[in-house]
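The following blocks contain the structures, represented as structure tokens.
Here subunit A shows up in two complexes: once beside subunit B, once beside subunit C.
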Partner chain A sequence: MIMRRIRNQFFKELEQFQRDRLGVALAFILPVIALLIIGFAIRLEAKNIPLVVRDLDQSTLSRSYIEQLYATNLFVPAEWQGVRFPDAIDRGTAQVQVTIPPGFAADVNAGRTGEVLVVIDGSDVINARVTQLAVDGVTLSAVQRALGEGQLGELEQFAIVAQVRLWFNPGRQESLFIVPGSYGVILAIFPPLLIAIALVREKEQGTILQLYASSLSAVELLLGKSLAYMLVGLGEAVLLFIVGLLLFGVRFIGDPIPLVIGTLIFLFTGVQLGLIIGIFTTTQSAAVQAIGTIKVLTAFLLAGFLFPLNSVPFPFSVASYLVPVRYYIELCRDVFVRGSGWFGTWYLIVAMVLLGIAEFGIAWWGMRRMQLSS
Partner chain B sequence: MVLSQSIARSPALEDVTIHIQKLYKHYGNTIAIRGIDLDIRRGELFGLIGPDGAGKTTTFNILGGVMEATAGVAQILDLPARNARNHTGYLTQQFSLYPDLSVDENIHYSAGLRLVPEDQLDARRTKYLKLMQLEPFRDRLAGWLSGGMKQKLALCCALVAEPQVLLLDEPTTGVDTIARREFWDILARLTAEGITVMVATPDLDEAERCDRVALIHTGQIQQVGSPAALKAALHLSRLVIRTADLVKAEQALIPLIEPNGQIADVSTLGDHIEVLVKDAQPGTALVRDRLKQQSIEPIQATDPTLENVFIALLRRKGSIPQSIPFPRSQQFATPTADPATPKLAISARRLNRVFGSFHAVVDLDLDVHYGEVYGLLGANGAGKTTTIKMLCGLLPISCGEMSLAGERGNLRSAALRQRIGYMSQKFTLYDDLTILENLHFYSGVYGIPPRQQREKIRWVLAMCGLEGQEDLLTRQLPGGWKQRVAFGASVMHEPEILFLDEPTSGTDVLARQQFWQLINDFARHGTAILVTTHYMTEAEQCNRMCFMVAGRKVTEGSASEIKAMQPGQLFELQVETLQTSYNLLRQHLEPWRISIFGDRLHVVLDHPDVELPQIRSWLQTDAPSKIQPIPFSLEDAFIGEVQRAGGAPP
Partner chain C sequence: MLNHRLFALIIKEATELLRNRQLVIFLTIAPIISMVIFGYVLNSNVANLRLSILDQNQVAISRELVDAFTANHVFLANRYPHSQQDLTQQVEHGQADAGLIIPSSFSRDLLETGKSEVAVVIDGINAYTSGLAKGYVTAITTQFNLDLLQQVQPLSTPLNIPVRSQITFRYNPGMLDSWFFVPGVIGVIMTLSAILAAAVEAVREKDQGTLEQLLMTPVASTAILISKIVPISALLTVTLLMCFVAARWAFQLPFRGNLLLLLFFSILYISIGVAIGLAISTFSKNKLQTILVGIFLNIPIILLGGAITAVNSMPLLFRWIAQINPLYHYLVILRSILLKGAGLEVWWFHAIAMLVFATVTLLVSANRYRNQLG
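This part shows the complex of A and B:
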């Protein structure tokens, strides 16, 4: 009996959903557009940082130093048109300025300390840090080379040598980092949005009264709607995975079963939040705003999509544990990049199950009376 | 205890399907229902009538199990209303359908909701679709059905679970007069099968067909009884006066109204005046004496109608809306007193509108003069709203010519829009603004000078009886009151041309009378008014009108011209068992020839001398107690014209 009503609700939701052709098109086109924008536009790796060099030494050593700077592939030469030296940074035409004073090569060759002035625009924190590391590295290798030319043997004298190997993504391909994460972000936003609108529309049209006037229970209503929009979400997920494979070359590594199960559970948690918002709002615009704000902010900021979660400060760090996207992004990165299988993912699925049950409980509590509030 | 209870219960009580006792409902500080007691028996067609905001919808919500009562008992089939939901079908005031699902899908979903056994679903669906004549439209989306068909589909959805009790909250609002009659025919058949039907309606003519009615006012039941009993309890006779100059006659009679005198009430209804008198004989003499100067047709004395009962009740309660003169600052044209040179306000030639493959309006010619009330009448989906939208420039015309207030080219210019007023079928007010904010907004939009604004807004509030409540959110108002505010908002700027699309749909009979007083007042001051309505008694007050069927104009003229055009002769039959007699005659006569009017039957005959004896023999056991020829009313004409022209479009 319960199953029959859930099935009835499920099919009615799907019929309504597919009736609105534009709505169906948007439900599948918008996630793909989002994937394209996120996949192509977000670049965390610093690149093309404009650099201005003033070489007052004009020696072989200074030129090779400058060559090495550009060899990092981090910098592009910027033109310096200013009068005073800091003009380029002030105007923003360059983010880094390197000045090699006269006598630089002479100092180094004579065994004195050669000095180089590097001015970095610190208003962009991330680029500044990357630039600093790069300049340090170039300087160190320049020093080593200079030393090597003189006294070859001294290199062996370093006590510790770190043998660094990049696993999983040896080429440091950025798409491998961004694209699996964006699956989580996109699937966190669209299915809840669709289900919240579907529920609020019943209120706006007054059809919800017919549900109240039948003996349909809250559980039947919520599960019927949830399953329908989980199916829609599943369609979106498959489409995203296909586009990700074709355009960004992101493929399954290892066992895909955790992904299948995890995706279903993640979609369940998502539509529960959509239902909760649909229950506590009365107009479509309120529901859309609530979903937009909650989902976009948490998915981008509290789920470890772009910024590492271990650096999130105290109260927010706790809140991030309540965000299901966090676990799903982790799961996607495992399945598409690490490939550790159940060993590295089971606890993520358990966490999402717990959150899903809690959300379903809240939705049920909000809907339990199946009556008009006075 | 249990034993004594079951013994104490008499067989009559066993049959009670709806039991309400000391029911109360509070919303915050407002009390919607204050102590209702009611028992409704199995198979009864029970009407709940009352002015807007009397507490009808709240009662339905509680009985439907979708709202909790503050105190008291509401039982259906001896179960608390909420636990009886599977035996109850509830049609809410808004169409309770999914517009984006098809007819079949809507029924299928409702059936699943109410756990109709799968093996019975098909048979039931076919049965009820056939009953409602919806079978050809099984795959049509509900949103594309006409108003009458939507309500029939909603009824289908409720019936597919074979409920024992049907709750219908104003099911015929916005439904044309022909579809309304069909709907009530269906209700009568359902009650004959033992289903209890409780129905609210603002149309008191319809309510005459109920077995019993309850008059509800400010959350209390004032009177309960069969329509006949209620009318008898009034102890008044109704005089029907037909005369050429209704306004003059009414003005002559109104001063005679006294609470305990001979004349209790005078009102103009369509083409005649009704006067309620204590005793027929002296009353007739008094009226005749008073109207000496006018030529009047013979005065008929009959029983009062439910409408009389209702108005008498409201008069006792002192809730008759007052007419308050509109604070006018301009005059457009001389009233129709000078018909030799009437000025054209709206003129259309061969107007057409096509939506895809659907021809909504076909070659329509139309002229409306200043100072004239022109009625656009037709069944749901006949193209009235499309025509109005084209005429006021909201919808581009597909082909044809038209002029509006002398303008031909740019019908959307700001200066022109300033001179017209438009009230649409759907509420044009903002639900989330207060009444005052809405009125301020509209007076600003229409550029009313600030000095006049306050005065005009005060007039709207007074006319609606909403003084002191202007800070209520508009959505908190009952439907009929919103309608009044919307009307006020659309006339505040004194438009010279006024378009009213079903201004009175869903409002109670008093509000309707008040609307028409205002409409006539505006026309007298030179405004041209184009109005649509489903109530033919109202349409009688139009100077001229046309009937539309499937986008075409089929008849045009004044009410008396149209009535004169009708073929055959009209007879009124007074019968004991209305529904049975009606069903019997339906088997022999064409549909347009017979219809139910209140508690009478109207029959159109071509050769009365041959056909009247036939009718007597068909009815046999239930021979009419009285058969008399009567003049056509506009409603008779409308039913005949529309059904002969192909009926209401699907």
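This part shows the complex of A and C:
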């Protein structure tokens, strides 16, 4: 009996959804376009940082220093014709300026310290940090070379070398990081949006009152609607996985079962949040703003999609643990890149289950309250 | 007479907007709270990477090397496995972000041959973090080598560091991430709010058929359009000012440039967002389509506008596309004014781009709107 009611509600919801053909097409095409844009465009590895160099020394040593700088592949020479040198950063034509003062090589050869002056535009911290590290690296290797061939021949020894190996993604292929993450971001946004709009529309049109009048209980209503939009979300997920495989070569590694279960649970948590927003907002414009603020912003910024969450300070780090996308993104990265199977993913699924139950509780409570009040 | 009617219309629209309490809350309080949270959370630095340490040598010098790795909070000593298999497994299962293996022959090799190797493995899923981490590993070991040299160097001939780079960070000497991200987040929030609020509010009128009523009245369609744009823009401008105050207070964000120009271009940007929202509403048939397109459009605008990632690192095609992203130009202006204190002579190009955008988007949405009315 209960099952049948849930099933009826499920089919009713799908029937209503598929009536707007263009809407259905958009619900499936827009996530794919979003994946393409994110996958092809976003690069976290720094490149093309505009650099101006003023070599006042013009020695072999200074030239090799500059060559080494360009060899990091981070910089492109900035155009600064007509701009006085010290203004290049103020003008925004360069983000880094390197000055090698006269007498640099002479200082080094005489056993004194040759200084390189570097000014970095700190208003762009991402580029600035990478630049700092690169300049430090170039300087340190210059130090080692100078020590090796110069003043302290025999002390070239005592060199500890760290053999660094990057696992799972040795080529530092960015799509392996960005694409699985974007599955989480996209699936966090679209299914909750659809269900929230559907619920608020029923409220605005007053058709939800008929449901209250019927013998349908709050749990049945919630489950019926949830399952319908989870199915839509599942369709979107499969489509995203296929496009990710065909265009970005992102394939399953290891056991796909955690992904299947994790995806279903993640869609459930997302749809519950959509329901909660739908229940507590009275107009579609408020519901959409809520989705925009809560889902879009947290998915982009609070889920470790781009930057790691290791260094988030205390009270705010708690907030990130309450975001299901965080766990799902981690799950996707594991399933598509690392492939550690159940061992590395079970706790992510448990966390999502707990959040899902809590959300379902809130939705149920809100729905009961709403039914009683009307 | 005309002005009087326009004024009356604006008042009508404003009261309608303010009547939607939930929407007002999502357009005012929610943005400020999110800005503060994301200002603390977003951090492009790599810190506290969990390091699994396998020191098979266990002598003074190997312990010193371990200390050097964990001294500056890039790495955090997290686990001490007993074997290489353990360590491998910990990184594979995501329990550690990196592993350091010091072989048992470490100190012997160093003394006998002057050279010694340690192995570092880094979870390379995130190309950005692993790149930075790799740079830090090189910096740490090179520095360690230099310290070692200085220790063994006889006191009579103190070792001079042959090359040193003196790095200054202009505009942001403390390299505070928040100074970069907070303007970005403000731009993101304004984009989301303006586009979504305008799109949904405009399409609501279409759905309810109140547009036809407006048509009966003797007001020009331009006046109707202006009355739609002004109240939402004004509300968002108030939000923006509150965001600035909160950013000043919470992050000591500097306001170095011309505040009037800042205000002018901020209002211009909000109007562009509102105009885009209105245009979306005229292109779609119903609310669902409007909302889907509105939310979707935010994804590329936000992610490709340089709010949280560096535009210069994107592939060439997308660097060109960034030029037609109003958020990109607004953020350049916003950061230039706030952090650099730079004037129009530096960012005039972006100012012109924004004026062109404002003209085009307002004309398009005015035109579409008029056709829709007619």
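Just a few scattered comments:
As a convention for this text, the second predicted complex is superposed on the first by the 355 of 374 C-alpha atoms of A that agree within 3 Å, B and C clash if a C-alpha of one lies under 4 Å from a C-alpha of the other, contacts with A are read in each partner's own complex, and residues count from 1 in each chain.
One rule holds for everything that comes next: a residue touches a chain if its C-beta (ideal position, glycine included) is under 8 Å from a C-beta of that chain, and two chains touch if they have at least 3 such contacts.
Treat the numbers as computed from the prediction; the structure is a model and nothing was measured.
Once the two complexes are overlaid on the shared chain, A:R4 sits against subunit B while remaining clear of subunit C. Of the two partners subunit B and subunit C, more subunit A residues are in touch with C. When the two structures are aligned on the shared chain, A:L247 is found in touch with neither subunit B nor subunit C.
In the superposition on chain A, A:D20 makes contact with both subunit B and subunit C.
Contact with subunit B, but none with subunit C, is seen for A:L372 once the two complexes are overlaid on the shared chain.
Legend: residue contacts after superposition of the two complexes on their common chain; A:K12 is shown touching subunit B, with no touch to subunit C. By the touch criterion defined above, A:I291 reaches subunit C but does not reach subunit B. In the superposition on chain A, A:L239 contacts neither subunit B nor subunit C. Once the two complexes are overlaid on the shared chain, A:T207 sits against subunit B while remaining clear of subunit C.
Applying the stated contact rule after C-alpha superposition, one finds that A:G137 touches subunit C and leaves subunit B untouched. In the three-chain superposition model, subunit A touches both subunit B and subunit C at residues 20.
If you check the complex, the residues on subunit A that touch subunit B are 1, 4-5, 7-9, 12, 15-16, 19-20, 205-207, 209-216, 371-372, 374.
Those residues of subunit A that touch subunit C in the complex are listed here as 20, 22-23, 26-27, 30, 33-34, 37-38, 40-50, 65, 89-92, 95, 108, 111-130, 132-144, 146-147, 150-152, 155-170, 172-174, 176-177, 189-190, 193-194, 197, 201, 281-286, 288-293, 296-297, 300-302, 306-313, 316, 319-320, 330, 333-334, 337-338, 340, 343-344.
Contact residues on subunit B toward subunit A in their complex (touch as defined above): 25-27, 61, 64-68, 82, 85-86, 88, 90, 92-101, 105, 108-110, 112-115, 141, 157.
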